[in-house]
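Got a structure for you, questions after.
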Amino acid sequence: MFPAPDHPVELRELPLPELADGEALLAVECSEVCGTDVHLHRGRLAGVPYPLIPGHVAAGTLAKVRGDLRCVAGAPLQEGDRVTFLDVHRTCHRCWYCLVAKASTRCPERKVYGITYGAADGLCGGWSDYVHLLAGTRLIRLGNSTARDFLRGGCSLPTALHGLQRAQVQIGDSVLVLGIGPVGLSCIALARAAGAANVLAIGGPPNRVANALSMGADEVLVLSALPDDARARWVYERTHGRGADVVLEATGAPQAVVQAMRCARDAGRVVVIGQYTDHGEVAFNPHADLNKKHLDVLGCWGSDYSHFHRAVQVTGDARLGAPWRSLSVQEFALADAAAALAAVANGAVSKALLLP
Amino acid sequence: MFPAPDHPVELRELPLPELADGEALLAVECSEVCGTDVHLHRGRLAGVPYPLIPGHVAAGTLAKVRGDLRCVAGAPLQEGDRVTFLDVHRTCHRCWYCLVAKASTRCPERKVYGITYGAADGLCGGWSDYVHLLAGTRLIRLGNSTARDFLRGGCSLPTALHGLQRAQVQIGDSVLVLGIGPVGLSCIALARAAGAANVLAIGGPPNRVANALSMGADEVLVLSALPDDARARWVYERTHGRGADVVLEATGAPQAVVQAMRCARDAGRVVVIGQYTDHGEVAFNPHADLNKKHLDVLGCWGSDYSHFHRAVQVTGDARLGAPWRSLSVQEFALADAAAALAAVANGAVSKALLLP
Amino acid sequence: MFPAPDHPVELRELPLPELADGEALLAVECSEVCGTDVHLHRGRLAGVPYPLIPGHVAAGTLAKVRGDLRCVAGAPLQEGDRVTFLDVHRTCHRCWYCLVAKASTRCPERKVYGITYGAADGLCGGWSDYVHLLAGTRLIRLGNSTARDFLRGGCSLPTALHGLQRAQVQIGDSVLVLGIGPVGLSCIALARAAGAANVLAIGGPPNRVANALSMGADEVLVLSALPDDARARWVYERTHGRGADVVLEATGAPQAVVQAMRCARDAGRVVVIGQYTDHGEVAFNPHADLNKKHLDVLGCWGSDYSHFHRAVQVTGDARLGAPWRSLSVQEFALADAAAALAAVANGAVSKALLLP
Amino acid sequence: MFPAPDHPVELRELPLPELADGEALLAVECSEVCGTDVHLHRGRLAGVPYPLIPGHVAAGTLAKVRGDLRCVAGAPLQEGDRVTFLDVHRTCHRCWYCLVAKASTRCPERKVYGITYGAADGLCGGWSDYVHLLAGTRLIRLGNSTARDFLRGGCSLPTALHGLQRAQVQIGDSVLVLGIGPVGLSCIALARAAGAANVLAIGGPPNRVANALSMGADEVLVLSALPDDARARWVYERTHGRGADVVLEATGAPQAVVQAMRCARDAGRVVVIGQYTDHGEVAFNPHADLNKKHLDVLGCWGSDYSHFHRAVQVTGDARLGAPWRSLSVQEFALADAAAALAAVANGAVSKALLLP
């Protein structure tokens, strides 16, 4: 766990919880180390209740079930069932955002396992042998997906599915993905799955390029290979001089949002998925970059049950899930979480799986 | 006419044109002085072929018709018919933007009367007794609308209709309009017409506030009354602490685009209509202003035939057109165009009509 | 109450309930008699647990509150607060329809006060001095609306709001409403509120025509005045020979759905709101009525919290709510429920309010 | 050519046309025999100007060009260039449907090569050595596509692309295609390309099942294998008991439209593409099939330039075009057009190509 911001990762023994009605205990088979965990470790997110058991997404087997738990199909969930769960708990379904705006990812009651639930709340993170699944947690059967395969997509896949839903890619479109970390890689494969004819990617470091190509990118530009302006030209040369029909920003760098606007064609769409933490301001030109371009620029925050549901579908599907199964990821024992975290932090791997 | 950038307005006698097949001559009854004319006079737009006869929107009577001209209903247009015309001529309907993207306002062949047609092209501006309507110009019967009433909306009404189309206001929404010049005023009335329950406006100068209220704003904040941050608070206090469901930016000031994002509710919509000229860059925070807000930010450029068509419908409609008929505008003789231009430039009037 | 299908209405004394945590008791100020009540009385709906306390929509004052109840704005609800409630209770927010399809009106767990909750479930209908509001019922503050004014819209207003949301009326559109019962009347006013330039209605009986005009219809054709084919012609003559941009079907008669398709313009939209009970089949021509017309035909079932929320907003709004306040309705004492039901059943009134 | 309805196909020698400015002559490399040709041969379409040179879609090489012809990218077209053309000529771009409704497939001026242009208009059909391309015809470079590969999709591919655009398939959706003729087969491959996880098809005759599977269907039900009701059950068993998220009707049989509604899940989408000719009426239940299901039923008529443009992109794309290249089609010499027509009419082949 993370005892406090910028402190070394610790392994601790905690008691198993008493389950209340509607609760369950998940025996974790696989969880992941993602970029959010790196931010959490460094204390970059506001409102995090340290000490924290990280790992917002995990999958495994129901070790104990108390009461009547059901999947969305209405079938009862039982001990021994292989499941994952929506990391977002307690969107209230009774506030204005949930009920009128129908934007549950902006519900103020939203609680997230491994991020806004701390160790004081119990075993509420995936870097653990067991996760305490509180009442109301949405469970999803893994079906054809294995825990490992689902975690290869991990938290980035529902995030990317939400982004693609907003992007409305049409068959034959050109799609540019900025960033080739886990979210960018999932965006590449999903853009392909949605019918893009031409998928371009810009990102780094260079060791991730092979991943981007195996996920389905036609061409990848290493970020360091060209200066800013030349990158837009690189895109225009590959899109009939117009820019990409759709740009998916998945980098975390504020200037990438402006780059996304400049690389999109007039009357195209930009989906901003990568700005999960505050890295400050960036300047843009509202006339040239937005109004005259008649552009759609769409922020995309978090994901909801539907995106997790489809993520399980995708990773369990023989054809749709193939890109993620081909993705090289590194596996670590739970005891080596610190090493896994370091490998993600320094970019040595794009995704690390933790196996208890 | 404008002989050259920053030169005094001149009145010149020019010969009436010989009409080719498919052309017509419009006897102007009314044209307008808009903000674009102020920019044109000062030489702020690129690619303008001075000397220029300004006035991109005008209405009047067909003085001569050569060949078979028809309105969209297929009925022939004849001498004596009262019409206006789509100021945008020659969107090619054969380029990728016209035919595949279906974004004709981004057609590179686009020519605009009074802006990109100069005096060398003939009588191609509305500040004139006659306008030479070239073949392929889309003519619209005024129907129940008078030329004067149509010009009270003028170029700002189709622009605002396009903005409202992108905004998708729902019955009961709160709408914030930034800017209370002609486009902002039309946005206020249209937001009301589209079912908004609560229409707020921020703008200036103070002499326009009465106009904004008469167009249907519930409350108007004078721009100079509060500093930037306090303005957002003013909006939040009037929208249940959430921000407006829809924000329509119609100001011309880059910082208003950022203000628009900050005044919109999470998962709301911002339509950027006001950035028609390049006033430079502005800084924003992609994390806080866009991604985390799950916002739609939509640039909206120009207008097409459908917006002009509906503009004539609106101004001619007893109920929908009422706000524009109540709008105080100032009328000038064509010979006083310089005075009309000065009145618009210094904000003394929000709209000036020119009557030959 | 309705003791059984086709039995006389009875007035019975029932004990007040013990409230469990999260429950409340509503002192009814006003409820309504709607078409559904007529169907329920005649036993035309499947799965209704007679005996039944009818009245799915009601408004009044919270007489007792047990536990922490809150409105969507998060503010606590207290005894003495004036509220209405979403008649649909127990959409589960955990099934595939609620969570993946996001179509909660098709949730199989859905329970409706006064329809699928019977007297055995307690005081779960509005034709009563008190309604027992079960835990999880969504309460809405009446705000500027009075109970009577809200009930003038009643159940038909959220239904119509849902229909209008699907119809996507644009400013200047022509809208045809089929049916001038309560739902049709609300559709007329909402089409107007959404910016329609031309609102036509076809319906009967003749005594409702004045209502349709006062709600904002430009012209009303009495159903019996013209045969079927001539009615379509009547619409075409008023819509430039094209048919209406949007047709809202709100009749209950299967043949009206086909009429709606025939009265819509090519590439227009038809929203089917009126087929709440099964009146059998009707024949149409898929080539001529649907495919060649490039038509959108959209079924619209029930309403959710957002529609009730906006309904309260609309009826409480000085401007938007005006049509419903002008609507002539008849008020009955609770003891005269049988007379009220008869008046609705025979079309003497379009809407009857019940006042305990 | 077809001299008259129900007359034998004839081969005739006609003079090559004099080209006017803006016109071109296409040396046909490949054209096709589609279901429309069978209908035309039997005289089933209204308003066809016999004698007729059939073949609305064809591809080849520009043998002569007169004047300045350009592709959508603005590059000049020259003799020797390999092209196809949009079969729909003369959508007027000046009527209400073209300009306000933006529904050019419903333009009343629409003329179609090989269908509404007869032999009296010149060499205006593809079953010919040459096609006279009139001024204003939209030409599309074949690029990476060969004429034969493009014609394997032929007229059915743009039709299906239009249908898929309306269907808005999401990644992970289940899609049911009714009909496995050329349009149905293209729908299967496009549903797959758009991200469907599960593509089901129902159709016949049995010899086409292999085609449907090679295009990407997961399972195909032969129409004759099960009675009507049992077919819906077959779909429900394969879609978690809910019905398909999207149903694409591509059969021509009126009852298939009702079957489509019954096989779609609640709140799903049905796109009706197959009703190009009038086969009479069919009965449905508006309550059970449409309103209570909260269904979108969308007619889809014809195609426009954008669909042809994307069709060329798809067939020329290594990955997206693979299904069509794997499709077994039969090739005939122009002189054997009668045999080709017979083969299509009796279902022996699903698509016949004609090679001059």
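Each chain gets a letter, A, B, C and D, in the order it is written, and its residues are counted from 1.
We take it that a residue touches a chain if its C-beta (ideal position, glycine included) is under 8 Å from a C-beta of that chain, and two chains touch if they have at least 3 such contacts.
Keep in mind the model is a prediction, meaning the values are calculated, not measured.
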| item | value |
| --- | --- |
| Chain pair, B-C or A-B, that carries the greater number of C-beta contacts | A-B |
| Whole-Å gap separating subunit B and subunit C, where each centre is the average of the chain's CA atoms | 40 |
| Between subunit B and subunit A, distance of the C-alpha-averaged centres to the nearest whole Å | 42 |
| Multi-partner residues of subunit A (at least 2 other chains) | 73, 96, 240, 310 |
| Graph class of chain-chain contacts, one of line, ring, star, complete, other | complete |
| Subunit D-facing residues of subunit C, complex | 96-97, 101, 103, 105-106, 240, 242, 254, 257, 265-267, 272-288, 290-302 |
| Residues of subunit A touching subunit C in the complex | 70, 72-74, 93-96, 99-100, 102, 108, 138, 304-306, 309-310 |
| Residues of subunit B defined as touching subunit C within the complex | 73, 161, 164-165, 168, 170-172, 190, 193-195, 197, 240, 310, 313-314, 317, 320 |
